[in-house]
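Pasting a structure below so you can have a look.
The chains carry the letters A, B, C and D, assigned in the order they are written, with residues numbered from 1 in each.
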Amino acid sequence: MNPVTEGLPDSFWGIPVPGPVALASGTCGFGLELDAMGLLEDVALVFSKAVTPEPRDGNAPPRIHDTGYGLLNSIGLANPGLDRVLSEVLPAAAGLSRPLVLNVACESVSSFGSTVAALEAGGSHAGYEVNVSCPNVEAGGMAFGVDPAAVASVTRAVRLETRRPITVKLTPNGGDMVSAAKAAEDSGADAVTVCNTFLGMKLDWRTGRPVLARGVGGYSSPALLPLVVARVWQVGRAVRIPVIASGGVWEPGDVLELLAAGASLVQVGTGLLRRPSLPSELAAGIRELLCGT
Amino acid sequence: MNPVTEGLPDSFWGIPVPGPVALASGTCGFGLELDAMGLLEDVALVFSKAVTPEPRDGNAPPRIHDTGYGLLNSIGLANPGLDRVLSEVLPAAAGLSRPLVLNVACESVSSFGSTVAALEAGGSHAGYEVNVSCPNVEAGGMAFGVDPAAVASVTRAVRLETRRPITVKLTPNGGDMVSAAKAAEDSGADAVTVCNTFLGMKLDWRTGRPVLARGVGGYSSPALLPLVVARVWQVGRAVRIPVIASGGVWEPGDVLELLAAGASLVQVGTGLLRRPSLPSELAAGIRELLCGT
Amino acid sequence: MSSSGPVDSDARVIACIPADEGIFRIALEAPRIASACRPGQFAMLEPSPGAFPVSRRPLTFSSCDPEAGSVTFLFDVAGAGTSILSRSVEGDSVRILGPLGRGWETAPGRWLMVAGGLGIAGFPFLLSTADEAVVMAGTRTGRGTSCCPPGTVLATEDGSVGMRGLVTGLLEDVEWDSFDSIAVCGPSAMMRAVVARTPPRVLGRVQVSMESRMGCGWGVCGGCPVPSSRGGFMSCCKDGPVFRACDVDWERIS
Amino acid sequence: MSSSGPVDSDARVIACIPADEGIFRIALEAPRIASACRPGQFAMLEPSPGAFPVSRRPLTFSSCDPEAGSVTFLFDVAGAGTSILSRSVEGDSVRILGPLGRGWETAPGRWLMVAGGLGIAGFPFLLSTADEAVVMAGTRTGRGTSCCPPGTVLATEDGSVGMRGLVTGLLEDVEWDSFDSIAVCGPSAMMRAVVARTPPRVLGRVQVSMESRMGCGWGVCGGCPVPSSRGGFMSCCKDGPVFRACDVDWERIS
């Protein structure tokens, strides 16, 4: 059975969606900019920039480097922090034309719990994306994601605080993603996001120094799509909860390939940074491709 | 200090080398084809196709797919096996104009030991590359590489059988590469190879089927260079033995970047498949780049 | 007319011609952008219809003709992206997102505009809105001089054109108080030097156009931090690229 | 002259012209290759001077002029690589590695050559070395007919040219024993069907040119297995692409 030619999903987590394309965390803010441009129409869900308990300035610049074949980023979860998200951002996002999923990143298990508990008061968001895979921070981030036991603890801590659906965003940078996905499923996750950026680095050989201030960064590129397809495929056969694909999507066929690999929803990140109109272009392209079958 | 502008290495493991470029395992056979074309001149070392205890037919076709941005392979360690390597290949390779390092892949720790013991009788090869990172086999391969304890056992087993230098070829597909590298170092390795192909997959969404017969494969691409640079950098700071970089090299600057990241030798694989003359082109390009500094 | 947020569209290349050694001027047909953009704002141009390079390149509007529906940019061939752009020919299509960011706070009165290198690119547009202005520009070798508006006071490091020395040398005789607004655009080190030389009493009139690598240009990636004098960072693409000089923490500018 | 291993070099494009709908003929200046290549051998062509696509594409020599130092290829635009190749123009440079592989075992006497689709591409070269030959070709719609050597007996699935039906239909009246050598080239399923229809007594005279994805083309990657009737695999690029039909395990050909 081929899920793709059988028809595209029209809902996710019980939420009606116009198609399978969602916006990846950290590449769309809280959706407000795109909504102002009228570009959320074809978007399934908006995954917010990571929210952390405290405000974070982020890493020292330079934080972005385009290697030509891909983007290295070292943002470091820059965000206004829980309080201002509650007082300023969520009220502003209340009128968003598509549902918002809050991406949450913390440095300890208990802080994951308390941050989500605080956000529960906040508004009408559709759910949470538990970020245990950020490659750009010293504490937390992918240090959790590489360890299935830590993934389980974090997932349970969040699960205890909310009845909204949660997805756990896994890391490709070590450990065993299939075990981590199963740990998330067993601990009450409603989906897993596969995956986050790949650890990468560029050095200037003339100086011997990294181009990003922090040295390593998270790397994304359309050339990484096969790595994401493999991981979605492997995780998809190991869990029964939906898989949200994240990584390498550039063209309509990429979305269909990830769906065929087992994804229920497909995020776009780096491609969106380049083309805010990408979700609409993908929606149109997908319609065209499927007409031809 | 920048190793690159200080001058390139002129020896490795005590072997004089014309430059830092070596040939990656599985992309140059045993060096005979290139030698016949007169193209080994600028090559530091030839890393052979994996040798396994028994002959292996390899995986079912298709085994190769060019995604456009990279190559997926699922060769499955096809090789004539230990006996014929000893009786036919090594004698033929005795006259090779550059030193040969034998890449060895086995399914158990003891078999690694006995295979190397048998090869010790074989010839004039310069050393071994212990392959614990093949993504294209069910048993052995990267199943060892993701587990530092298994890496240690395999390394010790090989170390016991030979005084020739050995490098352990690590996997980027799970586990913790830095711990694996330390395990190899502590168990007597003379270098580590960072790394092997990345697990990847391509599906045809129209049929829902993978394009490779085995489903997943090993993915290589010049767009993966930043992933390899990051891993060379991290491993290089954690071990004192030399790091042999393997992955993503296409242009002269790529070689210098990997040296700047901490590599002592740089393998070319997929780029070599495309251009058998790549090592000479890189050597010329490197000379040109360094003249300009 | 009121500006209504950036527009992402394919624009026809009207012309792309060398303006000086390694410098190109590209004119694009982009009516909606032309009628909305303000001096100091910028656009993100996609250097290739293929996938690579993966991100767009920010360029400041150099001039704008709302009637003709066209905008122009002046750019250095700095690397892969601008090199692809420079090979555009009439009739090609270039994807462009704009106008983006906050431009110069335009104000009546007399302007001093100080440029370093291709920081001059945006001044023709700003000049077109100014009552009266003095323009000063410094370059290393005189490359780019031909892109400066007529009457620009010049300095070159090699002395080939104008005064020998840095652009800050030109500022020594400036009657600061005669200017109502001061606009500075160029490499960070040059802007820091200019700001350092400005008498504190006029610092409030100084605006600077900051540069940063940009991942998106439309305010969502967090890739373009500019250190704020109040601590933390501002976003170059959304809070800037033009800032009041006193809002920038120059100590944290490398 | 003796063949001395493959040569990797940049070849000048003499011409690249459409030969039929979606089919191109490219002529390259490659003197060393032209003087060494044999019918049935192939070359690996690099579709782009950039990094992508990452591997070369195999094409069979369609003709060869050692005096002029040129070789030609006939190819279908099948995907990205051949599409890039098809946009080559006179004077471009294409990197080419060849000659590669084992060609047809040429022998005196009468040949039967059976092609499916663009399997016809290499037959002009083989014909030029044959004393006497009958050529048969089958296509789906007649596309490619204009690439067939004069006198080719044709079959089309839609009946637009020649006999309606598959090329195997043409074989029904063949006097098998009148041929000393039989060459078959086309899609695997077509070759299997032809081999299945060949009377066992002449099977030893049948050679087939196999297709496989190729990672390198020069024998080192293990990416081009052809199932052997003795078990295991042969390598398409080194042991082939031309094989004796009885050396191939047709049951394991998909």
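The rule is short, and it goes like this: a residue touches a chain if its C-beta (ideal position, glycine included) is under 8 Å from a C-beta of that chain, and two chains touch if they have at least 3 such contacts.
Fair warning: this is a prediction, and the values are worked out from it, not measured in the lab.
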{"item": "Distance in touch steps, counted as few as possible, from chain B out to chain C", "value": "2"}
{"item": "Most distant chain from chain A by Cα centroid", "value": "D"}
{"item": "Between chain D and chain C, distance of the C-alpha-averaged centres to the nearest whole Å", "value": "58"}
{"item": "Chain A and chain D, separation of their C-alpha mean positions in angstrom", "value": "48"}
{"item": "Distance from chain D to chain B - Cα centre to Cα centre, in angstrom", "value": "34"}
{"item": "Shared-contact residues (touching 2 or more other chains) in chain C", "value": "51-52"}
{"item": "Contacts with 2+ other chains: residues of chain A", "value": "69-70, 221-223"}
{"item": "Touch-based graph of the chains, sorted into line, ring, star, complete or other", "value": "line"}
{"item": "Chain pairs that touch, as defined at the top of this document", "value": "A-B, A-C, B-D"}
{"item": "Complex contacts: residues of chain A adjacent to chain C", "value": "26-29, 33, 36-37, 49, 55, 57-58, 61-66, 68-71, 73, 75, 78, 220-223, 250, 270, 273-277"}
{"item": "Complex interface listing, chain D residues touching chain B", "value": "5-6, 8, 46, 51-56, 80-81, 95, 97, 212-216, 218-225, 231-233, 254"}
{"item": "Partner chain B, residues of chain A touching it in the complex", "value": "1-5, 67, 69-70, 72, 146, 174-177, 198-208, 210, 215-216, 219, 221-227, 229-231, 233-234, 253, 256-257, 259-261, 293"}
